[in-house]
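Same chain, two partners: chain A is paired with chain B first, then with chain C.
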Partner chain A sequence: MNYSFDFSFLRDYWPMLAEGLVLTVQLALMATVLGFLLGTACAVASTSRSRILRGLVGLYVEIIRNTPLLVQLFVVFFGLSSLGLKFSATTSAVIGLTINIGAYSSEIIRAGIESIHRGQVEAGDCLALSRWQVLAAIVLPTAIEKVYPALASQYVLLMLGTSIASQISAEELTAAASRIQSDTFRPFEVFLVVAALYIALSFLMRGMFWALGQFAFTRRRRLGTPL
Partner chain B sequence: MAALLGLSPAHWAALLSGLSWTVFLSLVGFLAGGLVGFGVALARISESAIVRRISLAYVNLIQGTPLLILMFVLYFGLPVLGLEMPPLAAACIAMTLFSAAYLGEIWRGCLEAVPRTQWEAADCLALARWERMLLVILPQALRIATPPTVGFMVQIVKNTSIASVIGMAEMTYIGKLINNATFQPFRTYLVIAALYFALCYPLSWLSRRLERKLNVAHR
Partner chain C sequence: MSPIVSFRDVHKSFGAVPVLKGVSFEIPKGQVVALIGRSGSGKSTALRCIDRLETIDRGSITVCGHAVSDPNINLRKLRQDVGIVFQSYNLFPHLTVEQNITLAPRWVKKADRRKAHELARDVLAQVGLLEKIDAYPEQLSGGQQQRVAIARSLAMHPQVMLFDEVTSALDPELTGEVLKVIEELAKQGMTMLLVTHEMAFAARIADRIIFMHQGLIHESGSREILRSPSTPELKNFVGAGL
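Here is the complex of A and B:
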């Protein structure tokens, strides 16, 4: 095998890669924030007393977790537009990714909520807190702190999943790579560079989630007690 | 012509052949990936620091890149180096490498979850290392590993859909073809989603059930 690597495409095409990278980060960020909110709401609903709410959330979570993201994006982008609901590729990607990650977040946060000792809730009741106050001040902060590592790695997986948005023509990093390789006929080099970018991005995200965790959950540092 | 859910019998025949390729690719991913993954799990807890570091690098490499990029590298990249790579082979290799990294990490966790004292007890009985692994650790780790392994099979089935991008004629690819012919994306993709659901839901259900059943020690 005498193949000479040629990375000179980087000189002409780096702005395209940079634009793709920015959109990838934006997609991941938006879907993470929106999906976290959706997931928290669904987790609260799935631990509520209403059987209808529990059933609806259960149905949503099972459907999303048992079908591929690629097909979900196709339904949102091609399917909804054929019904007259037209969104741009980027908007469709945000919608699809949010619906997807919302289901996973919901399951993780629900596990956190269910792991909280009843005594905590009863103590809140004794302090005459309303149900919403107990939820917002006691249950959710503790639950999210408990499942924070699981949530963080799910969101890193989501960032990698944004690559699938290239298939509905959202111009993120993978789509940029495909275009560059069809221009330059240097697929091996292009995809190696992009793979390296994704790896860097996933390490960066893990680092940021760690820092955010240090900032948001100070109990261990302040009190020296684990949950 | 009898049209079921707006799809003609010919469409359904194509979909079923796509379904069988999806199942085939999932099985390859699970079996070959499981084999390599077991090696990865052992390498991750090896006594040699170099082996540990290399296997960690492999896991970080695969878990840090999207499966789509892995498929692109294999399918578009390797032929440039002079390696013939049909979509089926690229998809099989990609699924194997992908599953091996994740299964390896899952199983490493399960091996490490077997209490330290069990390893020490096996050493005290003067068991060889392979005897310790085979007779003492694996039987206990198997119990811990079954629910997450079945759960990960769902991920494997779903991720085979990405092979459609490099032209492997599995279910999602057939779905795209049918959509190009019928211009009924909503209905077509809902049918595809339902078929994936039919494949994955039993596995999810089984995983949850096994977790309740086998998780006796932590109750």
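Here is the complex of A and C:
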């Protein structure tokens, strides 16, 4: 063991890492927000009375959960361009990641919805609320509150998963690292730095989800019950 | 004046099990009717049919002028006229007492924030829980939660209140505070249907008692029937309850 570490590449290459980091954050943020919306819509559809809607969501979820993320990204990236739709690698990555995380979000939120006592919906119905009002005011807020920790972990995993977008040439953090190490021949140091950055991002994200939870779930905040 | 609730020959089965086998009765405005009977006699089902939480197979139900058995009924109009309180309170856990009460007035009747707040204060005062206006359901006792549930229903100014075994989940000492609120409502002339196991309470406040047995109205009349039942089934039931 007489490996001598050399982190001097940071001096010249930090802007490239910073750009990659920014894109990673953007990918994660967009896929989280869009995936949450898609997942919520799918969860609502999968608990609806329509057999067709339930079937379609079931099919979507099964396909996504039983294929690798890398393959999904390739299908989106090459598929869209074969159909004549020209999207940048970044846009393709956002679409692919959203479709992926949407399926997982849908399953988590569906579990939340199904855990809600039927009496809650009945009480809403009996107060003359419409079906959508019951959903928006009662079912979704309580369902999402229940599964919030599971959702948050899933989105942190998604952020880590954005590294796969490097394979369709989206210039995020891992892609930047690959390029730097091929220039500097210092792969160990480069990926150590990148690993540290991912860890920092994970902790930052968890902190943000905690803060968002405190803001969104007033009751938990006021009564001090942990999520 | 037409009755607030009217059942005509109502039939209802769950699968192959008949639960209501031709039930007819009326509740005139201002009357308090207690529906009693053993578990499985169909009394809760009858109550739930009024708000169309269950649909019926045959016969007809009219509530405040709404043809409940009509498949094209405007459910939201019906449910603005009917208040219902359940055994399990069903308060919304993520909302404060005030938000629980004002949700429907604000979203359904489009009351503004200030008016809704006044409304919440009014109905909470009515059930004696004004000081709990900012509490969350989990901070309240069962009896208090049930009183909030009653207040929540009252906030929609229903024409009839339905109570489905509202004290069955409560300790005896908490039952009293809920029954007091219901009794107060009766005094104010609210039209009410109570499905209850509290025989003494029914005997005290009900204008009419309906005894259900095996999906049919077996005996009905003034509260006197509890003291001197004419059918052996009611005699048996009252005897077992005392």
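Simple rule for what comes next: the second predicted complex is superposed on the first by the 221 of 227 C-alpha atoms of A that agree within 3 Å, B and C clash if a C-alpha of one lies under 4 Å from a C-alpha of the other, contacts with A are read in each partner's own complex, and residues count from 1 in each chain.
Keep this in mind: a contact is a pair of C-beta atoms (placed from the backbone, for glycine too) under 8 Å apart; a residue touches a chain by one contact, two chains touch by 3 or more.
It should be emphasised that the depicted structure is a prediction, and the values quoted were computed from it without experimental measurement.
With both structures placed on the common chain, the touch criterion links A:Ser82 to chain B but leaves chain C unconnected. By the document's definition of touching, neither partner reaches A:Leu37: not chain B, not chain C.
Using the contact criterion defined above for the overlaid structures, shared-chain residue A:Phe188 touches chain B, although it does not reach chain C.
After overlaying the two complexes on the shared chain, residue contacts for A:Gln120 are found with chain C alone; chain B is out of touch. Chain A has more of its residues touched by B than by the other of chain B and chain C.
After overlaying the two complexes on the shared chain, residue contacts for A:Arg222 are found with chain C alone; chain B is out of touch.
Of the two partner chains placed by the overlay, only chain B lies in contact with A:Val71; chain C stays clear of it. When both complexes are overlaid on chain A, the residue A:Ser163 reaches chain B alone and has no touch with chain C. Taken together, the two structures place no residue of chain A in contact with chain B in one case and with chain C in the other.
Listing the residues of chain B that touch chain A in their complex gives 60-61, 63-70, 72-73, 76-78, 80-82, 154, 158-159, 161-162, 164-165, 172, 175-176, 179, 183-186, 189-190, 192-193, 196-197, 200-201, 204.
Of all the residues in chain C, the ones that touch chain A in their complex are 51, 53, 75-77, 79-80, 82-84, 86, 88, 90-96, 103-104, 107-108, 136, 138-139, 149, 152-153, 156. Remark: chain A residues 1, 3, 62-63, 65-72, 74-75, 78-83, 160-161, 163-164, 166-167, 174, 177-178, 181, 186-188, 191-192, 194-195, 198-199, 202-203 touch chain B in the complex. Touching chain C in their complex are the following residues of chain A: 117, 119-120, 122-130, 133, 137-138, 141-142, 145, 217-219, 222-223.
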